[in-house]
Amino acid sequence: MKNVLIISHKSPFDGLYIRDALDTTLIYAAIDQNVSWLLLDSALLAIKSTQSAAHLGLKDFFKTIKTLEIYDVEQVYVCELAMQKYQLDQQQLSIPVTVLSKSQQQALLQQQDMVVNL
Amino acid sequence: MKNVLIISHKSPFDGLYIRDALDTTLIYAAIDQNVSWLLLDSALLAIKSTQSAAHLGLKDFFKTIKTLEIYDVEQVYVCELAMQKYQLDQQQLSIPVTVLSKSQQQALLQQQDMVVNL
Amino acid sequence: MNINTVHMLSKPYSYYSTIQLDKLIASNDALLLIGDACYDHASYMGLSDKCYMLESCATARAISVDTGINLISDIEWVALVDNAKKSITW
Amino acid sequence: MNINTVHMLSKPYSYYSTIQLDKLIASNDALLLIGDACYDHASYMGLSDKCYMLESCATARAISVDTGINLISDIEWVALVDNAKKSITW
Amino acid sequence: MSKFVLSLHTSVADQHCLQNLSRFAHAALQSGHQIDCIFLYQDAVSHASEHLQLASDELDVKSVWQTLAELGIPLMLCVTAAEKRAIDINNTGLFKVAGLAEFAMLSAKADKWVQFK
Amino acid sequence: MSKFVLSLHTSVADQHCLQNLSRFAHAALQSGHQIDCIFLYQDAVSHASEHLQLASDELDVKSVWQTLAELGIPLMLCVTAAEKRAIDINNTGLFKVAGLAEFAMLSAKADKWVQFK
């Protein structure tokens, strides 16, 4: 079993980046790897709650993010600075996350066997 | 006749952005519009001299940039801060340019009838 | 109100850091936030006193309205662009 | 020399400003500049004492060598990645 | 009444951008303006490919374009951009294959060019 | 000897990125390593389209892939990424249509995964 980290750093509707990262995270969970997802900067906004892509006529991938819990993906990390920048607290997020300082993010990267930047 | 400004702000080998901007600039010159090209930040590096894309097995679009002079495109502008950042002076550029401060760039934008960001 | 340029932005402010947008926006310009730029309205507000945000984009992102930013409809969006000399999509 | 992570970069430093790379690079990591990152070697050099640049990419861009940066061949590139625990392509 | 030309620059994977262009186009026509052309340039040429396959809960991209075409807006794509991005220029559906010069001339006669990216 | 998997993420318009991947792959084989797969993901699925038309002074993209295939490297593309980007998944040339899970399993068995973007 490998420690695999998926990194996202694009905003929610920038291309399909967040959706690709979510797919990849779920797949590594399905094949029993020790997978984590790190949301840097504006990627954090993908897990802001009460949003509706359907309001724009687009697929509501915000709902799909909740399937992480069904697949037991519990290691979702967000950047402390991004939380401050976008004035979010954990109650405003759609899934449970661990908030990391920059030095904790550095340590997280060091522990991984593979890191995938999407 | 319209004042048309083409803006580039991506580095030379980032996709086809610089080549698209060059094509567009040449076309507006060919249809007799008053065209200018503004190279912001790392886009400036596209007109650094003595480079060779052929060395990488790629099309040598650095040579194509010189066709601007043949089509009488004389209004090529670069950012003063980018010149400093990449430690370039005008002798190291492949074509004659006008170096603009940020406030001069703001004035340039104001004068235009159309601005195309590529 | 004569607007020279409507600057259309669809990403958070830091996405445009290489361009140094703040120095390119003139006092007679307007900012229009669409798409993911709406998340970051706080960063944009200081750049211009004419700051607009597309209402549908803000609503989908559960963004509450601040004073100092004007929520506009699609029809008002067209009017904003039409009344300006030009627009730039960054 | 045990390298944990080789950070592969192909764009000028400011392209990565939202990621705050400087805080993610550890002391036992290496930087590898390829493509357009080579233009901006001056900005990268302070981030790590193990800084590499792909020779073919630098030559094509008419970049002269600085002390403190190691020009490497394709074969050395593979060895660098193979000897590290992993690589991250930013 | 103003004459607009619109250009799209992002690939078919960016559905939000297409949606924004479409909303703007509809609102412009409702406001009594004229749209002389929607032009696919750069990565947007992928919108002319006939092979898009999306699930039913995704934006119906095909019908967005169909509706714009039915409103009488000329839809064009840049042939050189398409060739460099591996788009089949012999099967471009609703889009007319055109040169960049053709679009540039339309834009020079228009009052406003609005880019979507 | 290590087992590598490589993935490409940029579209067929980014010839420099393909060239870098190709150089790395050749150097890896020369160094005695094994490459279990090159995987087209995200925008790179456009490399599987058969409609690329480039002038003779451009990189010969087709022959870059042909050479990698002849070295025995399995070439694969992500089917869901392709469907969302309007790539014809029935005509993918040298590339085998695969699921993301298939590649993920290969990567889990590999020593190194190197992304190119």
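Which chain is which? They are A, B, C, D, E and F, in the order written, and residues in each are numbered from 1.
In the analysis below, a residue touches a chain if its C-beta (ideal position, glycine included) is under 8 Å from a C-beta of that chain, and two chains touch if they have at least 3 such contacts.
Bear in mind that the values here come from a model prediction, so they are computed numbers and not experimental data.
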Labels of chains that are neighbours to subunit B and to subunit F: D, E
Far-end chain from subunit B, centres as C-alpha averages: A
Chain centre separation in whole Å, for subunit F relative to subunit E (CA means): 30
Distance between chain centroids, defined by C-alpha means - subunit A, subunit B (Å): 38
Interface hub residues of subunit A, defined as touching at least two other chains: 13-14, 16, 41-42, 56, 114, 117
Subunit E residues counted as touching two or more neighbouring chains: 11, 13, 16, 43, 84, 113, 115, 117
For subunit D, residues contacting two or more additional chains: 12, 14-15, 18, 35, 56-57, 86-89
Touch relationships between chains, expressed as pairs: A-C, A-D, A-E, A-F, B-C, B-D, B-E, B-F, C-D, C-E, D-F, E-F
Residues of subunit F that touch subunit D when the two form their complex: 2, 16-17, 20, 23-24, 26-28, 30-31, 33, 111-117
Touching residues on subunit A, where the partner in the complex is subunit F: 2, 4, 16-17, 20, 23-24, 27-28, 30-31, 33, 114, 116-118
Sites on subunit F touched by subunit A in the complex: 9, 41-42, 80-81, 84, 100-101, 104-105, 107-108, 113, 115, 117
Contact footprint of subunit B on subunit D as seen in their complex: 11-12, 14-15, 35-36, 39-40, 42, 56-57, 59-62
Residue numbers on subunit C that touch subunit B, as the complex places them: 4-5, 18-20, 23-26, 28, 85-90
